[in-house]
Every structure is written in structure tokens, then in C-alpha cells.
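You will see two complexes here that share chain A, one where it goes with chain B and one where it goes with chain C.
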Partner chain A sequence: MSKAEYLPLQIECIHFFESNPFAFETVEGLSTRLGKSPKELEVVLVELETLAIVEKVGLGSNEIYRYVQPVEEVL
Partner chain B sequence: MNYVTTGIEGLDQVVGKGLPEGSVTIIEGAPGTGKTNLSLQFLLGGIEQADKQPGAYITFEELPEQLYEETKSFGWDLRAYEKQNLLRVICLSPDIFLEELLKTNGFVTQLLDEIGCKRLVIDSISLFRYLSDNEHDYRKTFYSLRNSLRRKKITSLFIKEADAHSDQNATFEQFVVDGVISLKLDPLQQIYRKRTLEVKKMRGCAIEEGEHIFNFNDKGVKVVPALSMIEDKTTLNASDRFLPTGITGLDRILHGGIPEGSMYMIDTNSKANYRYLLASIVAEQLKKGKKALVLLTHALSTMDFEALLGLFGLSLHDLIKNDQILFLDFYDRIVPKEYENAVINLFDQTGEEFNSVMHSNFISLLKSGQYVGDDYLVTIDSHTLISSFGEDFVIDYLAKIVPTLKGFNVSSIMLNNYRQISERNASYFERISDGIIKTWVDGRYQFVQVNKSAQGVISKPLIVENSQQAPFIELV
Partner chain C sequence: MKRLIEPLLPVYQSVLKVPVVILDQQANDFYKSAETNPTYYTETLRNVVDEYTSFQSVAMIESPFSFPIGTKYLIVSLSENDYLLAGPFVTSECDKNFPKLSDQEVESARQRLSSLQKILQQLNSEKKQVMYDILSLAHELTNVEQQSDILDRTWFYERMVSDFSDLDFAGIARPTMEDSFEVTSFFGSENVSLEGYKFSFGQGFLGQASISKNYKVWNQVEHDLRNGYLHPYGLRPKALFCYPLLNDNQCVGLVFGGTTLFHEISLETSFVIRHTFEMIEQNLTIEALNTKLYNVNTRLQVLKEIFSIISNMKDLRQIAYVLIDMTMVLVKSKFSSVFVHQQANLAAPQLYARGISQDLIEQYTQSIKARYVNGTVNPKNMAAQKWQTPWNEFVYEFPLVRNERFIGLLTIHLPDEQTDQQVIDLVASISQVGAVTIDLIGQEQKNAGQDQVANFFTAVEAFKPEHYHHSQKMLIHIQDFASVLDFSYEDITLCKEACMLSAYSESFLLKQQIDPRVVDIIVSYNQLNNGKQPIKKSRSPLGHFLYIVDYFAEHQAFPETKTDIQQELVLRLSTFTFRQTLESDVANAAPVQQKEQLDLGIIKNQFNLSKRELEVLEHVIAGIHNSEIAATLFISEHTVKNHITSIFRKLQVRDRSEAIAKSYRLCLEQ
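This part shows the complex of A and B:
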């Protein structure tokens, strides 16, 4: 899939984390929440991490993604 | 022990003083019983305290955005509290939560520390069971969770889905935690539903047992503690004084005693011993210098009163000498010579003659100002009046005498046995009484219950226990 094809899923992920700023999800967990394929989500989350929209906590099977709140939004 | 307010109107009263600080309480109930809203309100209750107690809501299944939206109807802006660092609605899976909470410096702990979390809700602990391979591991995990929160002094609510066995058997979790509050949705009058809340356990708290109705208003959850009714401000405002009954438990329920100038009924059944109750009330007033007009009963003669008051340290001889007590006797009984002047005998008299005696010896003296109503306590036995003059006369008489006594601020006690009068008249007696203290024997125990009071309180049935000292009864 091309980057453009991932865009709707990327927007959906951003919207999810924006709406739930204290959500902590593994790829599997987010897959269940959004009803999307874990493989596709993995790609999107890596991209969002690069953009500093989400950050990763933990390692291996415990890799958890959390929202990085924009500075003006953080208190 | 320190207690924290639940933040839920009425609930602090039901649990005693609020929740013990650092305690863990299970909120259990079927879907739709109000567990989430009640728990969220507990967090907001902390935020609204002067010392701001931040809280966190851990949700495993429901998304925070749903909670933000759903609670807007109560005027709760959860996001605004999050922005003020007073609240976190954290969404994650139960296994990660446990691992990160129990791990040294795990991110859940960091999140809680970040806001100085004092209150926590876990929605729901039912999912923890699926994380463990066996019962032993599950119990170990649950203990660890409880201990971890206790050590952090975080007052916590654990939401638990009620299962088919919730009503019958106490579960392992219920033994481990400090408190258990059960929520239910029950049928009411066939077509309605009522929400009830029951505190089944709360360590270190004197809970109000039984089910209490709660409902949702525009500000959230409101618990209406059972055994409460509307206080009669007309009676309370007319009196700024209470006549202690001398029975500690009863005075506590009645906020000090019987309001001066009111009429309270002691409703007994034939087996119940009401003598100490009556004697205690009368003796307390006589000790304070009040005067008593006592309408004797078939079971209480002058001599019985002499003995009873003697037990309370009073001498009938002295009381009569000081003009503090006057008896009306409806039976043909021998009266010791020294008490003769204090006893008016009405044996074989008609109702009209009784009325005339009451008028000339009491009512007219109140009206003329020779007697001051505040100084008097009158005791009436409805059964004695009915057997002497008939039910119709008594109803008619009480309709006139009770307002007169109240008008002069005379306090009165009426002994009654509902089972000896018609249902219509029983309901009339109930209506004219400002308060009703019921006592009855059931099996091998005697009970006392305040069924009505001007103070707006009614009590649960209390067991009457004998004691060796006056008033010779204690309410347990």
C-alpha cells in the first residue's frame, strides 16, 4: 500500500488519540478498538511516531502507543 | 482513621462518615445500574474538595470519549478537569494496567504520580480473572493490586459486574477489599423501576444497613437514605427544646428527644414491656422540675408508678408533696392514704364526667394562666379510655384535647395498641401524633422502632436489651 492509501487510517488513528488523549494501546489493542488490521496499523503507527504524534512506551509485545499532546494543549 | 467524602449526596450518611482514606471498595451491579456514573461522581467529589484530591478513571472497555460525552448531561466537563491536571481518564488493557502499576516506576504509576492521584476507579475488575491461568495466580494478583493502592493511600473503587451468584455467596474479592456497595434496579409498583444501593461491608464504618434508593438528577447521583422522611417544621419551629427520653439510643435517633409541646405515641403490642420506656420519659421530665398528669392504665397503678419512679431515683411521696404529679385512675383500686390527694378516681364515670374532671383540674387552669403548658407532661392510655368510654367517645375527645394541649405547649405521650382499635381509628391516631415510637415482641426479642417523628427521622428496628441501671433498657 502506498502512503496515500494509508492516509484515511492515519487520520482515523490521530482522531482516536486526540479524542482519547490518555489511551494507551498496543497494536493489537488498537486493532480491536478500531476494527482494523494490525499489520496496516503497525505501519501507520510507525509513521505517526516519526511525526511525534504518538510515542512508544515499552518493548516487544509490550510496545504501547500513547498520544503526544501538542504543547498548547498540554496544560 | 481519616475519611474522604464520597461526593455523592446521601452516600456519606449511608456509609457512616465517608470512605476510609486509602480503602478499596467494590461497586458491583448489573449493567445499567449506575456503577460508572456513581464512580465518576466519586472522583469529581474529590476534585471539588477544598484540598483538591485528583483522581483517575481506568477504563478497559469503554472509551474515554464516550465518558466525556455521556457525562456532559450532568454538567461534568471531564476534559476540563484533565487539562487542570485534576483528572485522568485512562484507557488501556487490563494486563498492561496491572503490569505497569505493579512495576517499579511503570508508566501507570508515573501517570498517577503526575497528578498526585488520591482517588482511583478501575472499570472493571471483572476482566482481571481472565488474565490468570488459575485461581491461585488470580488471588495473588488481586492481593497485590489492593496492597499497592493501599500503600499509595489511594482511595479506590473497583467496578465489578454482578454475576448470577453475586446475591448469594460472598466472593473472594469481597473478602479482600475494605468495602462492598451493591447497586440494583428493582421493579417498583409493577410498572416503575427503582434504583437501590446497599452497603454490604465497609471496614471501620457504622453503615446504615439495608437498601437505599438512589436516582439521577441533573447533577448526577443522589442517594436517599432509607428511614428518613420529611421533617415537620411546624412542630420543630414551635419548639426549640427537646424532652430527653432518658434512653440514649432513642434520644440519639430523635436528635435530643421529644419536641416540647408535641404528642408522641408509644405503640405497643400486648407482649411488649413499655413500662421502662414510659417511666424513663416521665422520670426525666420530673427530674427537670416539670409536672406530670398521668392517666393510669389497667397495668400501671399508683403503686406501680411509685415503684417505677423509685427505680429512677424519684420518691412519689416527694413528688406529690411538691405538687409535681397528679393521677387519674379509671379502675377501682386501693390508693395509699398519703397519695389520695394526688389521685382522682374516675371508676364507673361517664365520658362527659371524665371530660369535666379534665377540664376543671387541668384545661381551665391552663386557660386561666394558673398552669403554664410548658411545665407539663400528660400521659394518656388510649386503651384505658376506650374500654372506659368507648371508641367513638375517645376519637371525638382526642380530636378536641390534642389541639388544646398542643396549643398550650403541653407535651404528651399516648400509649396505644393498634391491634385493639379499628383500622380507621388507628390511622387517625397515627395522623394526630407528631411521632410514633413502636415497641413489640417478636420471638425472643423485644424491638423498638421510631416510625414517625417531627424530626423527619425514622429508625430501623432496634433490639431492646436489659441493663442493670436506669433506664434499665438499651437499644442495640
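This part shows the complex of A and C:
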């Protein structure tokens, strides 16, 4: 479990996106909503993007993050 | 230093034949060889210090500086602030009561004190250097945030070599995956590098230290055979030291060093090395404990957060999402999935997954179905287990089980084979939280479904009264027969619901979101009633059971068996009913006959009982408890009690036995 100090923020971030599955947020927007610094959030969002939990759209200051829903298979 | 000499002062007094005292300028620390007057020494010293700045060698203090007047002292400076005074004494005829020393004795005393001064100066200087070395290294260490990092930095060993004149190389060997050691950092004053040197436990000097786990110094090792291991690297030490660094009794590194110039490592160097690395070792232990504590705290916090999030959720899909995402983040897993087994009124089993392609999801779903749903694996008593997927990757599967019921499966992909066991335990705890929450949601929906079933059943009375009364009879037999056949509570409930809803069509029931398992039973039961075999095999045993109960309720006998399932069920039930009949015939034949002949319609008319009250009375006469009556009639226990109170009032009886007796008496009289 690397970067254990970021875990609580990762959980908070995931919870936000799961509760708002259609939200499109910039780092600044997310920072305002969660009350966390953009610098901390950037680290967390990169990690979540690597795990394909969130998806980044756009570049630079126009970067927007959105939640990627898991796939469902009915037996 | 003063404490070191203090025990020697009486010896000096006996040799010098005068009292000996050590004190600083302010007379704060006062060590003396015998009972003396402190004022003599403080006054004398004050006079001398005011006059002189330092004493390079032993000096004689005489009047007018000495106190009392006429006496003499020998004085020697021990350090910047500390002085040794031998006196007071006199050297000539004097009426004062002080020791009298000859010139020869004074000279002898002077020489002895001079020797003492030299020894102390030398000792002082060496200890100072030792202390400097310790403090200097300690300072370096405190400036490094991660203490363990310093051990892998070459400058640290360079510093050691430059600080200790009798060391010209130093380094560290770390344990490798192959249960051996490899030199990872090294500094040598000559053009020699030992980096990459590998050795196993017990091999050579260093390997020996790794076994003993004790600090060791080897002197005079120039011709030792064990030295041969170092020769291929161009290193020919004459003396060596090795400090095994331990953490939780595990050797995490071997710090070593030595000299190619001297045959021995001095005691002072050895002293500093030992104490420095003891300090580093303690710091490493504290660091490791802090990390462990931090991790435990973080994990508890994570578990608390996840529990708080999940416990407020009502949607099964959202819970699955949380379980998938949280475990992926915790394990850094590239694939995670949650399989939810059929829950009460919920739709068919589902698999939620992230991190794998659609075709792999389909493969994995089939694999879960084959192993968990169709029963090749018993998940009830199973803990987390490692499993290789059809596409050859290792995953951990955590069965979601509650009250020995399989609720689902949480799966995480393993990033590598060395996954931390503590993380696995944490995910197991999260899966348990998930199991409880999913089950509770299922229970809530099930309760809501039972109310819905009871309402549908009441409605049957209006449009199919005969079917309704027949179903009521069937319900009583279902309870009796199911307990004989050891049906689970869940299967009994499914059968009862199927019985109550058997008047409705399949399409209507599915539209009303009735539990698909109940619909399956009804379909099978209807097909059997129409002389067909059930198409769906999954729930057919319960369909057969319902068919047998139906026949028995109508004919008081079992049907002719058409299948193996029916044959087995009828065989077991026949044994039961035969035993019941036999026992009743022998012990209580008459009342049984009377009970069968009871016509409660008379009681209903005479005492103006409602339909529901009559139903309750029938159950009371049959000796059924309130809770069972409530379950059979799909009403609450509280309502049953209300009905019974009303029956007692109308029949004018005080308890159940009186009510049963009065019912029998009235029926027989008629």
C-alpha cells in the first residue's frame, strides 16, 4: 500500500464521483467541492486515472475529470 | 573526569601526605580526599585565578595568595575550569597546625601531580575526540528524514573513513532475495570497490556476523583464510569490524569496515562504531514502529470511511461500485469485480467489473457460475483464496457470506505475488462489510415482498374463493411436511409464497417483480398439475413438493408418483404420516376422530365469529403457536393475539384450553 497518506483523500474523491456519476469537474472545481488543495487532488486524480476509475478529458487548464462506471454483466 | 579521579584522591593524600581537593572556579563541584575546610581552597583559588590565567604545569602557591596566611599549596590545572589543589602545608618551622613537608617531599609531590596532569590531559583529549565523533555522526543522522536511507548512501561511509584514522574502508551489505547478502554501498580510500560482492550466511567474516547477529571486531587477520573471500576484489584487510543491523530480530543490513594499514582497530573507534550503530538501530526500530502504527491507523480510518459510505446506501449497484473502486485503490489492482448472487426479489445474478475487457468478463462470469452457483465450491465456510483466472492471471476471491448464506463474491487482481497479507486482511474486512450491507438490503426488499404477497393472497379470496380455501389448507401441510423434509427456512417461505400466488399467471407475477424463484416454483407446479414435466429443472423439487401437498390437501392421500423426485418425497412423507396415524390411533384415537368431524360453522354462527377469527380458532384447536399462526396466515403476531382475545371474549372463556374444550363440546352436542 504505497502513499498511505493519500488513501483517505482517494476514498473521498471516489465517493464524490460515485455519488455524482455524471459530474464533470476540473481540479479547481473538485478542490472547491471537497475543500482540499488542488496540489493534493492532482496526485490523487493521477492515481485514479491510472486505475481507470476516472477519465481525463481535455488538456492543461481545460482538463476535466469524470467517473467511469464499472461494466455490468447479467448471468 | 572529576568523578573518574575522585576515588583516587585518598590514595594521593596518603602518598603526598597532604589533603587533595578538586574544584572549579565557582566551587560548584567539590571533591576532597578528607574532611577539610572548603573556605581554605575557595579563597586560595580565587586569589590565584585572579592573578594567573593558566597553569601549564604544577605550581606552588604561597603567601600572600594562600589561605590561611603562611601556608602553601600545590596547584595543577585539570581542564579549562577544574583545578586540583594539594595542601595546605608548611615547609618551615611553624606553629600552625598543618602538615609539614620537606623540600624533597614537596618536589616528589610536584612530580607526581605533574604525571597525573599529563595522563588526564591525554585521556581528556582522546575522549573529547570520541565524543566529537559520536555527536558529529548523531548530528548527521538527525538531519536525515528517513534514517534507513542514510545507510545506503556512500557519503556516510566516506565520512566514517575520514573520521576514524584507523579505518580506510567501510560499507554495507543488504540481504538479497536469494537468502544471501550483497554489498550495496562502499567507500575505500584506495582504488578498491567491494560493491556487488555477494556472500551467504556463514561465509567469510561478514557471513559469520550475519549468523551471530552480534557486533564483531577481528584484529590481526592478514593471514586468516576467511579473508580470502575479499582478495578477488583487491581488498586485503588487516583488521575488520561488522555490525549486523537488526529490526524485529531480522538482519536488515551488515555495516562493515576495516583497515589495510593497521593490525588493530582501536578501542575508541570500536566504541564509537558500536554506539553509533546502536543508535541507528534504535532509530530504525522506532521508524519501523511508527510506519506500522501509521499504516494500522490509516487502514482503520479507511475501513471506517468505507463502512460509513456503504451503510448509508440503499442501491445494490452503488455498493458494488464502492467495493470495486475502494479495493482497487487499496491494492493498486488493475482488475476488480463484485458478483452479486440472487437476492430475494432482486433480478438475476450480476457481475460488476472494472479493468478487464468484455470477453474476459464473460469468461469470468461463466467461471463463477460454474464454481459458486452450480456448487462445485462450497463458499459457506471459505475464507479468501487465491485463484488463477482462465486468462492466466492470479486473483484473490473473497466470498461474501452471511449467516452461512452465499451472497456474492469480491475479486481483486494481485499486482504481484508478494502482496501484503495485511492488505488482504483489510480487503477481507471490507468484503465482510459489503456482505452484511448487501444482505440487509436483500432482507428489506424481502420484507416488502412478503407484504405484497399477503395482499395478493387476500385478493384471491374475492375472485377465487375455492382456490383461496384450498391454498389455506395447503399452507398448513406445507409447514408440517417441510419440517419433516428438513427444508430450509428460505425454501419453506418460497413454497408458501408460491402456494399463495398460485392463482396468478406467470407474466403477471413477473410484471409485479415477484421473486423469480417463486415464479419458477409456480410454473413447475402448474405444469405438473396439467400432467406435464417441469421445463425448468432449477426449482422443480419445490414444484413437485407443492404438487404433492396440493394432492394431499384434497384427497388426504399421496398421488401416484411419476418421477424419482416425487417418489422420494412421497416415501419420506408417507413414513411420517403413517407414524403420526399410528401414534394417534394408539394414544388418542377418539379425539382425532372428533377433531376431524368438528364443524366450526356452528360455533361461527352461534358466537358471531368473523372469518379471520374462525381461521385463527381452527389453528388454536390444531395446537399451533401464535408465531406459527402469524406466519401461516401472513399476519403479525400482535394481530393473532388480538383475534384470540376477541375469540375468548365471544366464547366467554379464559384461555386456549377452555376455548378448545368448549368448541369440542358444542360441536359434539350438535
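In this section, the second predicted complex is superposed on the first by the 70 of 75 C-alpha atoms of A that agree within 3 Å, B and C clash if a C-alpha of one lies under 4 Å from a C-alpha of the other, contacts with A are read in each partner's own complex, and residues count from 1 in each chain.
Heads up, the rule we're going with is that contacts are C-beta pairs under 8 Å (C-beta built on N, C-alpha and C of every residue); 3 or more make two chains touch, one makes a residue touch a chain.
Fair warning: this is a prediction, and the values are worked out from it, not measured in the lab.
A.B. asks: Following superposition onto chain A, is the placement of chain B relative to chain C best described as a clash or a fit?
C.D. replies: fit
A.B. asks: On the A-aligned overlay, A:Ala52 touches which partner chain: chain B = first, chain C = second, or both, or neither?
C.D. replies: second
A.B. asks: Looking at A:Glu5 after the superposition, I want to know if it touches chain B, chain C, both of them or none. Which is it: first, second, both, neither?
C.D. replies: So A:Glu5 only meets chain C here.
A.B. asks: Should A:Ala23 be classified as contacting the first partner (chain B), the second (chain C), both, or neither?
C.D. replies: A:Ala23: touches chain B, not chain C.
A.B. asks: How many degrees, to the nearest 10, separate the directions from chain A's C-alpha centre towards those of chain B and chain C?
C.D. replies: 120
A.B. asks: Return first, second, both or neither, reflecting whether A:Ile14 touches chain B, chain C, both chains, or no partner chain.
C.D. replies: A:Ile14: touches chain C, not chain B.
A.B. asks: Of chain B and chain C, which one touches more of chain A's residues?
C.D. replies: Comparing chain B with chain C, the partner touching more chain A residues is C.
A.B. asks: Once you lay one complex on the other using chain A, what is the shortest C-alpha distance from chain B to chain C, in Å?
C.D. replies: It is 10 Å, taken between the nearest C-alpha atoms.
A.B. asks: Need the overlap of the two footprints on chain A, from chain B and from chain C, as residue ranges.
C.D. replies: Of chain A, residues 73, 75 contact chain B in one complex and chain C in the other.
A.B. asks: In the complex of these two chains, what residues of chain B are touching chain A?
C.D. replies: Interface residues on chain B, with respect to chain A: 63-65, 82-85, 88-93, 96, 99, 107, 111.
A.B. asks: Quick one: which bits of chain A touch chain C in the complex? Just the residue numbers, please.
C.D. replies: Residues 1-2, 4-5, 7-8, 10-12, 14-15, 18, 47-48, 51-53, 68-75.
A.B. asks: For chain A, which residues are in contact with chain B within the complex?
C.D. replies: 19-26, 29, 33, 57-58, 62, 64, 73, 75
A.B. asks: Touching chain A in the complex: which residues of chain C?
C.D. replies: 294-295, 298-299, 301-302, 305-306, 309, 317-318, 320-322, 324-326, 328-334, 337, 347-355, 358, 361-362, 365, 369, 373, 420, 423
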